[in-house]
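Chain nomenclature is as follows: A, B, C and D, assigned in order of appearance, with residue numbering initiated at 1 for each chain independently.
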Amino acid sequence: MTSTESRRASRRQVLKGAGALAAAGVIGAPAISKAQTGTIKIGVPTILSGRVAILGQTSVGGLKVVFDKFNAAGGINGRKIEMVVRDSKGAPQEAAKVTRDLINNDKCEIILDAEASSAAFAVQEVIREIGVLCLHSNSETSSLTADPKLHVPTAFRTARQGIHDAIGGGDYAAKIAKAKGLKKWATCSPDYAYGRSNTAEFMEYAKHFDGNIQVVEESWPKLFQPDYTEVVTKLLNAKADAMYSALWGGDLVAFIDQANLYGLFDKQASFMVNLGDYGVVDQVKQFPQGVYSGGRYNRTVPATKENEEWYQNYVKTQKHKPTNWSWENAVAAEFVVEALKKTNGDTNGKKMAEAIKGMTLKSQFGTKGTVTMRAEDNTLVDYIIGYGVSLSKEPYVSDFQASAWEPIFELEKQWKKKQGYIS
Amino acid sequence: MSAGEILRVDDIDVFYGASQILFGVSFGVEKGQSLALLGRNGAGKSTTMKAIIGIAPATRGRVSVRGTPVQKFTPDRIAREGVGFVPEDRQIFPEHSVEDNLKIAIKAGVGGRIDWTLEKIYDVFPILASMRGRMGGRLSGGEQQMLTIARTLMGNPDVVLLDEPSEGLAPIIVEKIGELIQRLRDMGTTLIVAEQNMHFCLDIASHVAVIDKGHIVYRGSIDELRANDDVKKRYLAV
Amino acid sequence: MAGRWRDLGLAALGLLVLLLVPVVGAPPAIRDFIMFGMAYGLLAMSLNLLIGYTGLVSFGHAMFFAAGAYAFGLAMQSGKFSIPGAFVLAMAFTATMALIVGAICVRLNEIYFAFLTLAFQMLFYNIILGWVSFTGGDQGLMGGIPRPKFLGIDLADRTQLYIFCSVAFVVCIAILRQVVTSPFGYTLRMIRDNQERAAFLGINVTMVKLACFVISACIAGVGGILLTLFVSGAYPNFGFWTTSGEAIFMILLGGSNVFLGPLVGTVILRLLNDITVSYTSHTELVLGIVILVLVLGLRKGPLDLLADRWENRRQAKAQAVRDAADKDAQAGRDA
Amino acid sequence: MDLDALLRCVGTTSCVVTQLTSGMIIGMLLFLIASGVTLIFGVLNVINFAHGSLYMIGAYAAWTFYQLTGSYFVSALGAAVAVGMLGVLFERVLMSKVYGSNVLMQLLVCYAVVLISDDLIKIIWGPVPLSMGMPPEFRLPPIRFMGGVIPPFYLFMILAAMAIGLLLWLVIVRTRFGSVVRAAAINGPMVSALGIRVNLYYAAVFGIGSALAGAAGALAAPVRSLTPGMGFSILIESFIVTVIGGMGSIVGAFVASIIIGLTRSFGSIGFPLFVDGVMFLIMALVLIFKPSGLFGRPHR
């Protein structure tokens, strides 16, 4: 009795041991088995779980549409692109680990970093060390590319950049403020790096363009805060003429729902940079009138045939609506494809970086039908940003005014000087 | 098992963690009998009681109530089979009033029989009637002991297990509790009383089992024990 | 005494095996896996000194992981310290913090200790998040951690970093081993099993617990330093309560009553994580189901289970020997 | 720090009224969740770390019922009942297996449930944050009272939460069910030895606690965005409330919820950047000076 029992137990232990071995094998094995298939592997660290899983989902969608088309056309030199997507759960140290694994273990030759900001900084450090091509497609934090201390020659950003939004938005806000006499402003933005710098920059440029503007109240709800009541009442008490908010995603939806209860939007003009995105704008059930929203992604901005086609194709193939992250990643994928054509399929980080640096790409997301990867700081310019008046139904935006890039460039340069990034 | 036995413990072992407390304990009690389970501190009396009610289940052997094996049952199921349990450290509900302590235990006996009602309890325990609104935790030790016994009776049990009813009480209170238990016995209630105080049991019990180090070492009628000085000396420190 | 030499020998052997990994040409991914595992392994092992050996269930251990990481990272980024200097500074900071937090917490028992450590952890986390000018807030320490050469060692080189981490790791494990096998370790277990009795025996329970708390925090701090070196940055979520939860999970996954149990748990969890992440985007679902199966199926860490089984078999054997002896004696009598 | 602003606010009735009600709104929703946590802990001696998930499921369930029926009240009731039943299932199938074992084992089971439910929510409802929208019956202009502003829905929310709390309190204090539950909280084995099916009561208590979380989710659904993982932050806050009020004390949970609500509402004016820190500070102080909480009895 005892002996059979223990024998069974020992067999179980052996099986368990074998399982562990198999598991260890998994970690090393794909490197050998998949490298021979000859695909160009592109590693995508992103967020697929938790509250912002939508970021990962719509980012991957944006990439897929482009790469599928590339593969359907036969790839390059017979090599097709294979995406390896990994969930970092948004944790920077996991993102760093995952990125290293994607390169070292899965033999990914290019990294498409679809992470949010803090993880993007961690990925940047990995790229600095390993030197493959990396495109940050979601991080909007200006310093990632603007600060020369953080510069990595093979890393680029295809996401919009905070400072661009701020200058364009500040200009737009100032025009409205002058016309309507909006002097006292309040802010309501999430309390983390993006929310803080975005808001400070927006207000700085609003004041720059209209000297009468002053900020009378600032509120900083926590990121993912479920209840904004105390923030809303605080804003009510401030009795401001206008409000700026950098809240985004579900937080913005909740804030609007809760602020509606207090009639906050009836009392002031509101500027919300992240409102004009699918997944947010179509979730707001009681849409406030007279709210100005920044352009994220909208099928009517620009109102071209290409954009509508792109939208229809995206929805058809990905089964969900595209977001701001989708176009940013689509652009990143386009850059990769174009660069591969230039290098004739050579994925060497330096060569790819050379190809992408300064590259101008035909794109419906650009103000002049093109977007450019600016050579001086490896970041995307000439993409469409701007503000419009929000509507409660499709197309959700009217009177969209794209920001002109010339003043943005000029003020961006001054900003960089002030930050000590350039002399 | 003899036909009249209402409760039988058959060769049970009980462990607390790794240490064995009871070794093949067996005894039975017939309807109307009152059995004293005597033994020194730590001999295994309380454990035996807890094994019967299912709080410390036996790992081997059988406990049966009216012939039904119950050793695998949960305590509440065993209680509904007609076993009432009066635990050693009284364990009244301190934040319930006296009356709530009683009401919580209301339950018909086996076959729907109801011997005890609140009125009858107050009749038998007039002291409880006089403090029905008082919180259980504010009663004295003796009053708590009476409340525990009364509470158990509210469930109309066929057999009542009393675990060390005299422990920690002043002699005059012990006497009162003794009288009360006698009265229950005279009413025909089947009792098992675990005690280290032999004298307390002499007037209560009809039969006796002596337990020592987890083994039953003696069984007999109360009169036989009275006559057996050897057992008294060896196991009961008398 | 013999046990101590044996332990040190085993530690040396362990270090040798770790150092062989790059020599035999293991791919960088394996080294990354080991380095990441060593950082979290120290967190789990040090926490088990509290949970498994002293019975202090801390929900806030990650705060010391983060303290080590941030103190080290900030010292290095200031450019005023060498790596050993920053290491010592980080240890001093972590120990001081542990002394203050521990002095307040260890007086409480059980669940209250757990909640108070959780509260301090969240307080610390909020300070990291809020003090943006100093800690970088939610962005963490950006721009990489500089690694100037010291004593001819260049931690910017991945192999040398691996060797450095291995040595630090093995030294910490050896220290932990010395602690649990020393008389102090027996005192800890006595406190775990019966605090009152320990007090009766004249042991200053509070002081012993505090000392244990500080040692454990420092080792967790070393874990944080290793992680900082690995990812070249420090982030607030090092000190978030989910990190503490993960460490507890590692302990349970391996077993809290076997010295190296938490380390085994770390390896299992990391493997589980890496495998699920490679094959599915439903990492949470898979991990959740695995936990349920483990907890409800095994009820114990696998190493604890093996240890129990081994103990049972030993006892059964001893019993068999005794029975046989009885039988022989019986036979002898019968004859 | 902006204590001047706080003083200015305290000086005007309109600000005080507005912030008081905003504190009550935050507090009362928190109370519903925390009372479930504290009830379950008090009776079963189990810390339900999965309570936030039940809240989340309640919100999603209410959302779906609302899509189906179009009636907010039916949805809220349905969500509470559904989550209550789910709680019973959770207790019977999983939690009851780890009673009596190490608190860490219980923690792990809950952790697993949190992970699984987050992912299942994502699979069933998708990762896009959902919004229920304000039911038409509450789309009314805010009530003005002494210069302050109070949205009608929030008034309803406060009253509903208070009513549920009062009902819970009456059930616990006045009924036989409550009497047994209170007794089981103090001495479960003794209650069992009296012939009471104590396991059923445990399951029922877990179910009620869960239903409270479900109700809180349903009450929150019209004004909060629904995302996988939305139960996370509310869980931490409800623990703070439970610890401050005293583990196991419903009254304590009520008082502590108001304390936290007011800390949030007035804190956002006086010390907006350290509101969370202050909440943890209060919790730490309570634990240091009165570990059993303001209204709790010492832990067994």
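To be clear about the criterion, a contact is a pair of C-beta atoms (placed from the backbone, for glycine too) under 8 Å apart; a residue touches a chain by one contact, two chains touch by 3 or more.
What you see is a predicted model, and the numbers here were worked out from it, not measured in a lab.
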item: Chain at maximum distance from chain C, centres defined as averaged CA atoms; value: B
item: Identity of the most central chain, Cα criterion; value: D
item: Inter-centroid spacing, chain B versus chain A (mean Cα positions, whole Å); value: 73
item: Intercentroid distance (Cα basis), chain C paired with chain B, Å; value: 50
item: Centre-of-Cα separation between chain D and chain A, whole angstrom; value: 34
item: Where chain B and chain D are represented by their mean Cα positions, the distance between them in whole Å; value: 43
item: Multi-partner residues of chain D (at least 2 other chains); value: 118-119, 273, 276
item: Residues of chain B whose C-beta touches two or more other chains; value: none
item: Sites on chain C at which at least two other chains make contact; value: 283-284
item: Which chain pairs touch, all of them; value: A-C, A-D, B-D, C-D
item: Chain A partner contacts - residues on chain C that touch it in the complex; value: 27-30, 32-33, 36, 129, 132, 136-140, 142-144, 158, 227, 230-233, 235, 237-238, 271, 274-275, 277-278, 281, 283-284, 302, 306, 309, 313, 316
item: List of chain A residues in touch with chain C within their complex; value: 2, 6, 9, 13, 16, 20, 23-24, 26-28, 30-31, 48-49, 56, 85-87, 89, 91-93, 96-98, 100-101, 104-106, 117-118, 121-122, 125-126, 128-129, 141, 143, 147, 149-150, 191-193, 196, 223
item: Residue ranges of chain C in contact with chain D within the complex; value: 51, 57, 104, 108-112, 114-116, 118-120, 122-123, 126-127, 130, 241, 245, 248-249, 251-252, 282-285, 287-289, 291-292, 295-296, 299
item: Touching residues on chain D, where the partner in the complex is chain A; value: 9, 14-15, 18-19, 21-23, 25-26, 29, 118-119, 122, 126-134, 139, 141-142, 149, 151, 153-154, 220, 222-230, 232-234, 264-265, 267-269, 272-273, 276
item: Chain D - residues contacting chain B, complex; value: 176, 179-180, 182-183, 186-187, 189-199
